[in-house]
Each structure stands twice: as structure tokens, then as C-alpha cells.
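In what comes next, chain A is part of two complexes: it sits with chain B in the first one and with chain C in the second one.
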Partner chain A sequence: MSVDRRKIAVFGAAFMLRLLLTCLFPSLPDLLTGRVEVSTPVNSFKRLQEGLFLYTRNVSPYDGGVFHQAPLLLPLFALLPDAKSWPLPTAIFYFLVDLLNAYALVTISASGQSVKSRLHSAVRKHVRWDGVSVAAWFLFNPLTIATCLARATSVFTTSGILFAVSNAVGGNSINAMLALGFASYLSLYPALLFIPLVLVCYDRRSEGPNPPNVGSFIARHAALLLASVAGLLGLSCLITGNFWEFVSATYGFHLLVPDLTPNVGLWWYFFIEMFDSFREFFLGVFWLHLASYVGGLTTRFRRQPLFIITALLGVFAIFKPYPSISDASLFFALLPLYRHLFPLMRYTFFAGSAILYSSLLGPAFYHLWIYAGSGNANFFYAITLVWSLGLSILLADTVFAALRDEWEQEHPERVGTEVRQV
Partner chain B sequence: MTVLSLFSLPFVALILSLWSSSAFASSDYHEHLLLHPLPQSSLLASFNFRSNTSQQSFDQQHFRYLPRALGQILQHAHTKELHLRFTTGIWDAESWGSRPWNGSKEGGTGVELWAWIDAPDDEAAFAKWVTLTQSLSGLFCASLNFVDSTRTTRPVVSFEPAGDHSAADQLHLLHGTLPGEVVCTENLTPFLKLLPCKGKAGISSLFDGHKLFDAAWQSMSVDIQPVCSANGECVVQIEQTVDMVLDIDRSKRSRYLANPIPRPVPNEQLVCDTSKPYNSDDTCYPLEKTNDKAWSLTEIFGRSLNGVCPLTELDGSSDQSVCLRVPHERGVFISEEAEEIKKDDGFTRCFKLAPSVPFDLSIPQQPVNTEVPLDEPVLHAERTIVGHGQERGGMRIIFGNPSNTSAVDFIYFESLPWFLRPYIHTLHATITGHDGVPREVPASEIVKETYYRPAIDRERGTQLELALFVPAASTVTLTYDFEKAILRYTEYPPDANRGFNVAPAVIRILDTAHDAPIYIRSTSLLLQLPTPDFSMPYNVIILTSTVIALAFGTIFNILVRRIVTLDEAAALGAQTLKGRLLGKFVAIRDRLRGKDTKVE
Partner chain C sequence: MPAAIRNLRNNPHFLFARLPNLLSFICVVVGVVWLLLLPLNEYSRQTYISENALLPGQVHAYFTGSEQNIFRGYKRELEGLLNDGQARGGQKDEAEVTAAVSDKLQSILQAAGLKVATQKYEYTSAGITHQGENTYAIIHAPRGDATEAIVLVAPWITADDKLNLNGVTLALTLARYFKRWSLWSKDIIFLITPDSKSGTQAWIDAYHDMHPASVQPLPLKSGALQGALVIEYPLDHRFQSLHIVYDGVNGQLPNLDLFNTAVAIAGGQMGIGANLQEMWGHDDSYEHRLQTMFRGMTKQGLGYATGAHSSFMPYHIDAITLQTKGEGWEDEMALGRTIESLCRSLNNLLEHLHQSFFFYLLMQSNRFVSIGTYLPSAMLIAGNFTIMAIALWMRTGYYPESKPSAKPMNEKGSAEEKAKTDGIAERHLALPLSLVVGLHLLGLVPLWVFNNIFHQYFTTTTYIFVVVDIILPLFLAAILSNGLGLSNPIIPQQYHLIKSFSLLLLGLSLSTLATLNFSLSFMIGLLCAPLSFVARLQGSAPFRLATSSLGLVLLNLVSPPTVLLGVCWYMGISVETVLTQAAFGWDIWGMWTQVVVWCVWWPAWLIGCVLLWSSMF
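Right after this comes the complex of A and B.
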């Protein structure tokens, strides 16, 4: 009973905090919507509204350079009242999505899969936070709040991923695949999570009697994922009427990165400065690099598939073409599930300082470049480098801690000794 | 055979000459100059040259007055109607009133081109359009070849063909602008070469590039269109105009005098408005320069008018090729051989020039009581970029209706470059009525129709056409937000921080009182885009790659290595290749040392 009360308190407080921020500072949502750290060309609420405006006037929103988001968002937002004159319903809708995401996190945490799965059992099982703490960590993360207030559409991708994971750890592999299909349909990159997610589902299934064949299990779920994506694409086709137009405006846009609006990632400035003849080559290299982590992590962490997902989300937050702080907030949301790894991490102070430093200086340097004119593009670029560096140190450190945890499980007599890697 | 052909040649020539004389019967040439002193000591000089040739001889490439170079380009590009404009400067509608030719002979700042092309479909029309722009680029020494797909639009309601076209033609209207083009003498020279007298005689002998492009506002136009009479006889008409507003004081100041640098007027020569409360010895509000300045053609244009172009059709009215609009009470001195004809309206007088005798006209300084009435413009329009910073901004368009009785209906057309991304859902309208209180209204209340074609990055620009109206004695302000895209560093011009030119908006007023539409063009805009650091592509490639390599290297290093305790690490170290090599090395060193000691 007391746990429930805590949960209600956390969820209620998170909701009230968002409501308070919206009501006390009515210009805050629009301000955050305009920030490049929060809104990228593929999740900007302002662009969504432009697309919606064209959509409701029977002009194809994809026959233009502004709107690059999934078509199903259009009828969804057409149902909500106009965000300009009635901002509160849309805002509350976003708050509720955030609470739902937190609820999915509670489910994931409650399953205990992060500390004890079929093939792995963490040594420091007792060092962990309960679901409500994990949810609170997510809900009160300033990055999450900023994303929520800015009404970035990446929260729907976040929901898709979190529900896919929560269904997978709950053993509901069909729902997991449907949710992943939804997330992949919205932003393409979550499709890379398919293998670790299907491994989570497989491990859950294998805990019960008569475990299925791995090959056929994966094939069945791949077919399910494809079917769900195909279904969503079919629905979108019904909405827009022109399949290739919206596919090239959404997924083509994700893949080819034609819009180089600044964001917190590494791609934009690189491709501004890239020589024209090498642009396609480096696009290929960057995508291959992003996809290469799936293979590496999956092979090494076969015993902890949930950790692969967490690490991959960290990779996406750094190396996606259009990352925003919402991707980082998703990575930070899953990290507390691995509270037992924190004692094993070595560079938390360094990574934490780098992230704090860049999140404080980023807006300032952006202002110097764009508004004050006293700095140039390199100021903001340098900060995005530090941000990516900070995140990648944190990620590498987490990966090391997870490996060490596995090693300690294999060698219980050596827990706590100094180690090195050879 | 040879004999026959020799015999037949004179016959063919005779036939040809007979035929051509009949074919050229409808080809003629007119030229006309109107001089109109404007307030603030300005002078509007409006030159017009018109010639035509029959459709038949045009199709058979018999060119007489119509320039062959242009005619062949039009035939090659299947262009049925062409309008080309070169414009610089700003027309000050507040002081000078409505525009010459109702704005139909002027373009936006820079170069503007629109044409009706006969083609089976859009792609073919665009291919012909590219041919046309490339050829005109060479002919007029202008950068028209830069009118690519991003600068080309297909206006729906803003332009109507002026010529009479046959119904069989599948006409496609294409419109392109180069707002950043600097119009100068290299464009004037080819323009003059198109004229039958090529600037040697007639009113075109007044053109001097130094004076023309020193004007406060100038516009050169070329219009070619088929014109059909009621009996179905068609001619191809070419009309060239040059309109300029010269500052009389500035033009009279010779460039060859000892003092060519403009200096402030000495205090004792200033005419101050003494009615101002702050008027004193050291503060002066200069009185508006009066209209009665003394000037002459030679002073203003730097040369005298060289007689009459002998090709001009002499048929009564058109031999009065120079007209002047000043009150009749004003004294005007003209060359002796010329003849002055005063018109009945009390303001216009025209001059009949003697052939091949230089003509000059001078007006002495004289206080006048009557003023030449100026037409009030039907609509005032102004477009500016608002906001600060290089990330986003807003467009603000202000339409003012000076009429107290009637509303103005018009089409507002703008083509924006793709790197300016408008958010059309933020379009807002504000009306300021008689009371001067701004009142926000939904845009749909003012805008009757919208034609909007959004831009696609690097492919095409935004095209926005609004059919709207301004109520009587009101001001309507339209605003919308836009975002500025950041480009690849190779897409910036060398002077990237100067900004990018945005083409002027075109306003077409649908006034029933005038049979021809009135056009107004706003000024062009300068758009500041965010710029990357152009000096460091290598550094960026290296730094980003370093961060990526660092992350990739660290993570995969951790993934592929084995975890061991420190003791094991030491033990393992001895077994590795490196450890064994080190051991060998130590052994050899020891042996060498041992040897050395032995030798010693």
C-alpha cells in the first residue's frame, strides 16, 4: 500500500510540475520548441503543426521541405484542438504520454530482468532501485521535462521503445514486436533494437517449459515486426495517398540527412563541412558505424539482452543523424535499472562533469554564435563534441561495468579485486 | 541548268522583293521620350521604343526592326511571349506618386524574366526555359543562366499573357528572378544594340551608362508578344522601355570638375524651415527642394539628343518623339530647328524634332504656381524581415489603402528561396482602420484565396500567391514566421556574411477602373543565414572522426578484451609475444654485456 502511495505521489508530482511550468511560464513551451537541442527536423512540434496545417487543407505535407514525420501523427493531432489557441489539451496529452512511459519503466524495473535474467545473475543484486525511484529519475530528469514541454514527437518513439521492452520483459513477445514496429515506423532507427529485443523475448520464453527453436522464434518475430510496420505503412498510404512521396520525405530524410540544422549530434557540422564528392561515402560510413554496435554488443552480451538495449539506446543518443536531448533522456531513463553496476564504474565523475559542462555551455555558445555574433559555429560544434564525448565515456564505462559484473559472476572468489583487461 | 538558274535568279529576287515589301508593310518603328520633373528635384525620363514585324516574316526569319538575335532565340526556345526586366533602385511612391506605365514595365530589383513557352508538358517547358535563360544570359551579359529550378516558379494568377495567342499553343508560364544581379552598363550595351538606331540617332542617343546607372531608380524592359488586329492579322511586337528617375542636382554635377566628391551644402546656402520649433543657427530642417530647378538635356544626360532616328514611322503623332510635362506657364528653351506643340491638358508639350540636327532643351529657374498633378498610388506595399538572430525570423508585409471609399483587391505573389522556410500556419493578419487601433483578424478574413507550393531543399523555392483585399482607408499587416536553413559550406557565396537576396514580391492590383492591371513590386530583402566556419573543413572532419573513433575504439576495446586480475595480468604478460620478445631482448642484452666484459 505504501509503495502505491509513493507511486501516486511521484506520478502526481511529475504531472503537477509540468502543469505548473506550463501555466506559470506560458511562453516556455514555445521557447523550448524552438531550441535546437530539443527540436530537430524530425521531431519538431512546429514542423508538425505546419504539416498539420497543410494536411487539414488537403495539401500534401510531404510535397515540401518542412515536414518529415510519420503520417499517422497527422490524424492523431488533427483530433486535438489547435495548439495555438488551446495549448493545454495538447500539453496534457504529452504529460500523459510521459507518465505512460514512466509506467512502462516501472514495469521493466519490477520484472527484475536487469539484475537477474535466464543466463545471468548480477553479483550485487541487492544494490538496486525500485520501480518508483526509476520512474522518478525519468520523470524529474530536466531533459525529459524539456522534451515533454517542447512537445517533441520523439516521445512517441520513446513510448514505442519502452513499451516494447516492458512487454518483452513481461513475456508478451507479440505486443513487444507491435510496439517496436510502431517505434520503427515513427523513426526508423529503433528497428536496430530488434535482435536484442527478440533475445529478451526468447529468454523469457525459455524460462518456461519446452523452449522454442531459436531460429524459428526469431523468424516468426521478424515476420511479426515486418507485418506491423507494413500495416502502419499501409494505413499511412491510405492517409497520404502517395506512398513514395511520404517514404522519401520521412525515411529518405532520416537516411540521407539533407537538412543540416544544428543539433547536439555529430552529423550536422560534419556534413556541412564535408566535400561534396565524399558526402555519400561518409553517409554510408556513419550509418554502418551506427549499425556496427548492434553486432558487437549482441555477441558479447548474449547473456544480458536487456543491457544490449540500454547500451544501444546510448549509442543512438550519440550517433543518430538527428539526435536530441530526448534520446539522451531515454538512455538516462534505462541506466538506473543498472544501479548495481554503478559501484563498478570508473569515470562517472569525468563523464558527469563533461555532460553537465556541455549542457550548461551549449545554449550559451549557441547564443553567442546565432544571436550575439561574437562566436562562430565552432563554439557550438565544440560543445556538441564534448557532449558526445561525455556520453560515450559514460556508455563505455557502463559497458565495462557490465562486463566486470559478468566476470565476477563467473569468479565469485575474486569479487572486488583489482582487474585489468588484456 | 546553270543558264537556267542564272536566268531565274533576278526573277526570284524580284519576286522576293515584291513579296517582302508586302510582308514588311506592317513592320514599323516608333520611339518616344517623356520627361517629367518630379518633386524633390527629380526628373523622370521615360523612353519607349516599339517596333513590330508580321508573324509571317517572323516565322520565315525575315527580320527588319525586330532584332535577329532575339528573334532566333525565341524561335529556338518556342517562346511565344517574353518579358525581361533589369531594375535597380527604389521608386519612392510617397513623393513621386504612382509608377510609370502603372508598374507594368518594371521588374523587381535585379533581373526578372517571365515567358510563355509553348510545350507539350511541364518538363519540356522547363527544358525550353533553360534554353531560353542560357541564351538570354549570353545576349544580355546577365547571369540569367543562374535561373535554375530553385529560382523558377510557375505563377498561377499573378500574370496574364499580354499578347494574343492562338488557342493551339499549350502555353506554360515560367517566372524567374535574380534579385542579387547588379544591373550595369554591360546590360545596357546589348540593350541598345537591339534598337534599330543602336543609340546613334534619335532619343536613344541620350543613353550614357554613367548617367543611367547613377539614377535613383531605373528600369529597363524588353517585351515581345504577338498582337493581332480585329481582322486576324498578327504581328510580333517588341517594346523596349527605359525609365529612370534622375536627381537633377546630382546629374548636373560634372564628374570632370575639380570637385567631384559630394560635399554638404554650406550653411549659408541651406534653405531652412523656420517654422520648426528647434530651428536655430545650428539646427536646420531643410526645406523640400522645389520643382523649379533649372536644367537642360545636355546637363542631365551629358550629351545632346542626336536628331531623329531615320527609321521612325512619320505619321502625325509619332513624329513628336519628345514630350515634357511641366505647366504651360513655365518657359522652355529649345533648339531652333525644333517645333513646340502644347497639348490641351495644360501640362504636356511635345517637340517635333528636325532630322539629323542635335536637339537640346533647357528650362530656366522660375517660380511656378501650378504643379503637375501626380497620380496617387492605388496601394502602398512594404515588405520587411523582422526578428533578430540567424536562426529564425519573420516576414512582415504592410499594405496600405489610401482610398477613403473603395477597397483594393489584389494578388500578392512571392517566391522565396528554399533556404528560407516559411511556416504558413503562422500567417496572421492585422487590420488598422480609421481609428488607428490594430485589430488582429484571422488571415482567412482578408485572404480570399491562397496558392501555396512549399519549397523542397535544393530543388525548388517556395511559391506563395494570395488573393486578398484591403478595406478602404485601412492598413493590413501580414506576418509569418520562417526558419533559416544552414547550408553546406560549398553552397555559400564568397561573401556569405553579407546575406542572401530574397526576390521582391509582386503585387497585381485587380482594378476595374484600369483595363490593364497595375503592378507594384516590393523591395528585395537581404536574408542573413547562419554560417559555418569556412576555414576548417579538415579540422572538423578530423575532430568529429576523432570523437567517433574514440567512442568506437573504447567500446570495442572493452568488448573484445578479457578481464583478469592484476596478478594474472602480470603472469599473462610473460606469455604473450610482447612478453616473450621482451624476455629475449633482456637475455640478448645480458649476453652482450657478458661478452663485452669478456673482451675487456
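Right after this comes the complex of A and C.
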């Protein structure tokens, strides 16, 4: 009963905080919507409004080359009252999505898969936070709040991923694949999470009486994922009418990265500086680099598939073509599940300070570059490098801690000894 | 010697408690000394014109002779209208005079062949209404395509609250004179504003369609503004030298090339001396250079608009004010020629001023230091907080909290062993984090209060906040120490964490601020420097009581409201004037010095006081 009361308190407080911020500072959502750190070309609410305007007037939403998001969002937002004159219903809708995401986190945490799965059991099982603390960590993270207030559509991708994971750890592999299909349909890159996710499902199934064959299990789930994506694409086709136009405006846009508006990621500056003849080559290299983490992490962390997902989300937050702070907030949301690794991490304070510094200096340098005119693009790019560095240190430290945990499990007699880099 | 170092390295008390204090202190001292070194020849540089297109003083200025008759004529007409209003005193009210003068301005500009328009505006701040009407006229460039423009501003009231009759008349004469030249490649806009504070702001906001509802939009516009010059000639006699004012809102500065051009033309071509920062008898000595720099830093740090030109800066338009000073031989024609030559230089520009520095400290009209040289001093001061924060973080994890002196070794060893089980000690973060974040959010309350109440109440409110600053930390310290409403009482480690987070945020904010407004960051950093060394005291009760009360008295002397009162008393200005000006800056200029004071300085200061108070319990 008391746990329930805590949950209600956390969820209610998170909702009230968001509502309070929206009502006390009515210009805040629009301010955040315009920030490059929050809104990228593929999740911007402003661009969604533009697409919605065209859609409600029976023009193809992809005309004009502004809108690059999945078409199924359009009928959804067409149901909500106009965000310009009635901002509150849309805002509350986003608050509820945030709460749902937190609820999925509570489920993931309650399953205990992060500390004890089929093949692995952490050494410090007792050091953990309960679901409500994990949810609070997510809900009161300033990055999450900023994303929510800015009404970035990446929160729907976040929901897809979190629900896929929460269903997978709950043993409901069909729903997990459907949710992952939804996330991949919205922003493409979650498809890379398929292998670790199917491993989570497989491990859960294998805990039961008769474990299925690995190959056929994966093949069946791959087919399911493909079917769900195909179904969503079919629906989209009904909405837009022109299949190739929408595919090239959304997935083509994700893959070919034509819009080099500054963001917190590493791609835009590289591709601005690059000669056009090398563009295709480096696009391939960058995407390959991003995808290559899946193989490596899956092989190494086969015993902790949920950790692969967490680490991959960290990788995506750094190396995606259009990352925003919402990707970082998703990574930070899953980290507290690994509370038992925190004592093993070595650079949290420095990584945290680097992230804090860059999140203050980023807007300042962007101001100097764009508004004051006394700085230039290098100012902002330098800070995005620091931001990525902070995230990378944090990610590398988490991976180190997870490896150390596995090692300590294998060598119980060596627990607590100093590591030395060779 | 190596043995001594090894000894120190193995001494945790030295590493975690002494060394950080020492390092922080060194950082602060080096930061201050660094600043004091800047005026030396080895660290400052001679100014130079970076943008070759400017070619300052390379053309002959023709504004002489018969133009003086025109000037006298215009002046007499305007004087007549103003005196008429004054002479009849009660019968003709001010609005009527203003309307008559405005009509006269418009008819003169129209007769000279310019397109004329007006703009009404009204601002309310701290219960005071500021209103007026801007008159402006545009010369369309005979050789341009109306995509770029230069602005000449003449406010009726100068920044020093004097009537700028000669300045306005000169602007009118120049408008007539410039119109006849065929060599302009940029439009020239003549703007006559009623005052130096709000008029230009209303105009420039409306020019970029960023004006509030109480300001009228502009009916007539030109292209992108490349530069702006403000003319102030409030004297009724000949002047001696030109005073160049260049500070913008929030410490933003115009491109150094513009300032250099003005100095080169005034000094080199016209033979009029140029001063800056009200340093009249500058003999280029170390003391005078330092004084000039400090005056510049004060203006930059406070971030208020120093003249009509300041409002242009946020829109990335470089602007300066030319003020006439002293009694000498230069007449209005010399000022006119200087402005003509400056306009010709700006007219030459092929692109926006960008070559030279935007961040600099001037210490003489031909000597400056650039950001690379001076920034380390503010960064060192901000860095001292970060060093302390990192040290405290390390200390809470690796150095078991124990009485540092005269410790039996075995007890310490066992404590360390206990901490060793997981490598580092467990940190309790929830309370310190929420306290620090909560206090920073609390800063929004005074921020809101000081920007929204009526001006009559400012003095009272300041005194109330002096009292609040004494009571609030005591109250918080009492809650923390007695664990009121908390299930488990606070442990010493958490005091360190509170201080660590608070200093981390302070260092973070100040180093960010140093890139935007160096001087403000430096000043706040110095005022906050004691906070690095303030901590919850340990020891016997009388010692704690005595030291912490002394510390509290000293700390209260550097609290935001006390510093405000102290500075006002020293300068002989009333608190109400300062705060009214600050609220005006917040509402109209978009000045954010207050945000730094109430959301960065005040919370950090409060936490320092809480730590000291808590040592009394």
C-alpha cells in the first residue's frame, strides 16, 4: 500500500511539475521547441505542425521538404485541438506519454532482469533501486522535462522502445516485437535493437519448461517484426497515397542525412566540412560504425541482453545522425536499473561534470554564434564534442563496470581487488 | 625532498582537506594578479584596423563653410519652439511643444528630400510609464539597392540627462548635406529619439519586428543595419575632445574596428583627442590604464545600457556614442566632419564588421587586451570553485569522515577497511541534491519580486531581504541539524556533498558566464570566493560558536542585498534609483544581470551561510 502511495506521489508530482512549468511560463514550450538541442529535423514539433497543416488541407505533408516524420502521427495529432490556440490538451497528452514511459520503466525494474537474468546474476544484487525511484529519476530528469515540454515526437519512439523492453522482460515476446516495430517505424534506428531484444525474449522463454530452438525463435520474431512494420507502412500508404514519396522523405532522410542543421551530435559538422565526392563513402562509414556496436556488444554481453540494449541506447545517443537530448534522457532512464554497477564505476563525477558543463556552455556558445555574432560554428561544435565525450565516458564506464561485474562473478575470490590497465 | 612529497602523498588529510584549500586559494590569487598584470606593455597590445575596407581618414571631409549657416538656421528654429514652450510655461503643455517640435523635425527632413516616418511607443516598468515618439528619415543610397543601412542617432536627452540641441541640429544638417552626395552605397537612416534610454530600443525592436504590443511598428524600413553612430553635443560652447562610449547591454561590445576607426578619424584626421571611460587626463601610466580598465569592467559587469547606442548591440549591430567634452576650440563643424568621415568609412564596408575583436578590454584609446589574454583570470576564479567541488566529492568517497588530528591509527584503519568493501564509501545524494536544486529555484522569488514591484517599495524590500538572509539560513540549518520532518538525520558527509554540489554549480555558471560577460563573472567570482573556504566547523563548542559567528558576520557583509546597500552608500546613489534602473533594464533592455545575482550568487551564498549556521548546532 505504501509503495503504491509513493508511486502515486511521484507520478502526480511529475505531472504537476510539468503542468506548473507550462502554466507559469507559457512561452517556455515554444522556446524549447525552437532549441536545436531539443528539436532536430526528425523530431521537431514545429515541423510536425507544418506537416499537419498540409495534411488537414489535403496536400501531401511531404511537399515543401519540411516534414520528415512518420505519417501515422498526422491523424493522431489531427484529433487533438490546434496546438497554437489550445496548447494545453497537446501538452497534457505529452505529459501522459511521459508517465506511460515511466510506468514501463517501473515494470522493467520490477522484473529484476537487470540484476538477475537466465545466464547472469550480479554480485551486488542487494544494491538496487525500486521501480518508483527509477521512474522518479526518469521523470525528474531535466532533459526528459525539456523534451516533454518541447513536444518532441521522439517521446513516441522512447515509448516504443521502453514498451518493447518491458514486454520482453515480462515474457510477452509478441507484444515486444509489435512495440519495437512501432518504434522502428517511427525512427528507423530502433530496428538495430532487434537482436538484443529477441535475446531477452529467448532467455525469458528458456526459463520455462521446454526451451525453443534458437534459430526458429529468432526467425519467427523477425518475421513478426517485419510484419508489424509492414502493417504500419501499409497504413501509412493509405494515408499519404504515395508510398515512395513518404519513404524517401522519412527513412531516406534518416539514412542520407541531407539536413545539416546543428544539433548535439557529431554528424552535422563533419558533413558540412566534407567535399561532396566523399559524402556517400562517409555516410556508409558513419552508419556502419553505428551498426557495428550491435555485433560487438551482443557477442560480449550475451549473458546480459538487457544491458546490451542499455549500452546501445547510449551509443545511439552519441552517434545517431540526428541525436537530441531526448536520446540522452532515454539512456539516463535505463542507467538506474544498473544501480548495482554504480560502486564499480570510476568516472561518474567527471562524466557528470562534463555533461553539466556542456549543457550550460552549449546554449551560451550557440547564442554567441547565432545571435551575438561574436562567435562561430566552431564554438558550438566544440561543446557538442564535450557533450559526446561526457556521454562516451559515462557509457564506457558503465560497460567497464558491467564487465567487471561479470568477472567478479566468475572469480568470487578476487572481489574488491584493484584493476590495472595493461 | 622526495621523501617529504611521498609523505604528503600518503597523508589523506593533506590530500583531501588541506591541498584543495591551498589550490583554490592559489587560483583566486593568481586570477586577481593576472588581471593586474594586463595593463603592462608586455600583456596589452596596440590597437590596429583589421578591416582594410574601412580606410579611416582617407577621404577629405567637405562638411564646412555654408553648412554652418544651415546649422545655425535649424538651431534657431528649434530653439524658438522650445523657448516658446518654456516662456509660456503653464499655458502650453509639454505634449503640445513636443508635437510642434516633431512637426518641425519632419518638415525639415522632408524639405531636405528624405522619406520621413514616426513611431510612438510606451513602456511600463516598476510602476513608471515611459513614452515618446521617434522621428526618423531615410536617405536611399544612390549607388545601393537598399539592402544595407547605417544609422545616425540623435537623442533629445543625452545619456547624462542633458538637452542635446546641438546634436539634433547637427543630425538635421547632416541629413540635408548627405542627401546631396551621390557616393552612398548604403542607406543612411537619421533617427531622432526623445531620450537615450527607451527610444532607440523601441525603434530597433520594431525594425526587427520584435516589439511588444505597446510599441508601434515602423511604417518605413531599409536594409540590414551595418553600424550606428550616436551624436551627443549637449554643450552650448565649443568643445575640447570627443568621448567615445562603447559598452552595450549585458556587456556586449561593438567590433573593435569601429572604435578604432572613430579614434583614428578623430585623433588622426581631425586632430580632436578621443577619450574613453571618462578618463580625461589619461597619461598612459599603469595606474590610469588600470583605472580605465576597471571602469570598463564595472560598466560591462553591471550590463546596463550606457547610451543610446547600447540597444543596437543585441541585434549584432556595432554602435558607439560620440560625446563632446570639455571647453576648447572644436566646433560643431569639426564634429560633423568626424561623423562624415566615419560614415564614409562605414560606407566602404563590403561585409558586416567581423574582422576584429568582439571581446576586449580597452585601457587607453590605442591599447587593448583581447579575450585570449584576459579570460584565464576569470576562469581561474571560476575554476577554484570547481577544484573545491571535485575535492569534496573525492573526500566524501575516499576519505572516511573522521577527526583529522590526533587520531589513533587503528580506528582509521578499520574505518578505511569498512569503506573498502566496495572500494568507495556509499554517498547519500538525495538530500544534498534536492536542497541545492531547491535553493537555486528559490532564487526565482527575489528575481520576480525585484522586477515586478513598484519603485516606491524597493528600499524597504532590500532591507527585508537583508533580514531574510539572516533568518533563512538559520532556519534551514536548524531543520537540517535536527532532522525535523526527516526520517534519518543528516550525516557530516552530506554537508560536504551540499557544499560540493553548490560550488560545482557556481563554478559551472561562472565559467559559462565568463565567455558571455567576463567582468560580471569576475566580480561575482570574487564576491563568492570566501564560499570556497566556508564549511561546517568541527571542534569544541566555544570555538565553533565564536568562529562561526565571526564568519557569519563577515559573510553577511558580502550578501547580495548588503553589497547593493554598501555600493549605493559609497557612490551616494539611492537604492531605489539603482533598482528602478535595474527593473527598467530587465523589462526593456533585456538585461539579465539580476538572473546571475539571484539564481547563481544568492543560492551559493545561502548555502555557505547554512553550513556556517549548522556548526552552531
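A few comments on the model shown:
Keep this in mind: the second predicted complex is superposed on the first by the 419 of 422 C-alpha atoms of A that agree within 3 Å, B and C clash if a C-alpha of one lies under 4 Å from a C-alpha of the other, contacts with A are read in each partner's own complex, and residues count from 1 in each chain.
FYI, a contact is a pair of C-beta atoms (placed from the backbone, for glycine too) under 8 Å apart; a residue touches a chain by one contact, two chains touch by 3 or more.
Treat the numbers as computed from the prediction; the structure is a model and nothing was measured.
With both complexes brought onto chain A, simultaneous placement of chain B and chain C is prevented by a clash. In the superposition on chain A, contact of A:Arg205 is made with neither chain B nor chain C. In the superposed pair of complexes, A:Pro343 makes contact with chain C only, with no contact to chain B. Within the superposed three-chain model, A:Gly416 lies in touch with chain C and out of touch with chain B [touch as defined at top].
The partner that reaches more residues of chain A, of the two candidates chain B and chain C, is B. In the superposition on chain A, A:Leu360 makes contact with chain C only, not with chain B. Of the two partner chains placed around the shared chain by superposition, chain B and chain C are both touched by A:Tyr371. Once the two complexes are overlaid on the shared chain, A:Phe53 sits against chain B while remaining clear of chain C.
In the superposed model, A:Arg303 lies in contact with neither chain B nor chain C. After superposition on chain A, the stretch of chain C whose C-alpha atoms clash with chain B is 74-82, while the remaining options among 74-82, 326-334 or 506-514 stay clear.
In the superposition on chain A, the residues of chain A contacted by chain B and by chain C overlap at 371.
Those residues of chain B lying in contact with chain A across their complex are 388-392, 418, 421, 423-425, 452-458, 485-490, 530-533, 536-537, 540-541, 543-544, 547-548, 550-552, 554-566, 569, 572-573, 576. Considering their complex, residues 252, 314, 316, 352, 354, 358-359, 386, 390, 393, 420-424, 426, 504, 508-509, 511-513, 515-516 of chain C touch chain A. Chain A contributes residues 34, 36, 46, 49-50, 52-54, 59, 63-66, 84, 258-262, 266, 268-276, 289, 292-293, 296-297, 300, 318-319, 369-371, 376-378, 381, 385, 388-389, 392-393, 395-396, 399-400, 403-404, 407, 414, 417-422 to its touches with chain B in the complex. Per the touch definition, chain A reaches chain C in the complex via residues 124, 343-344, 349, 353, 356-357, 360-361, 364-365, 367-368, 371-374, 416.
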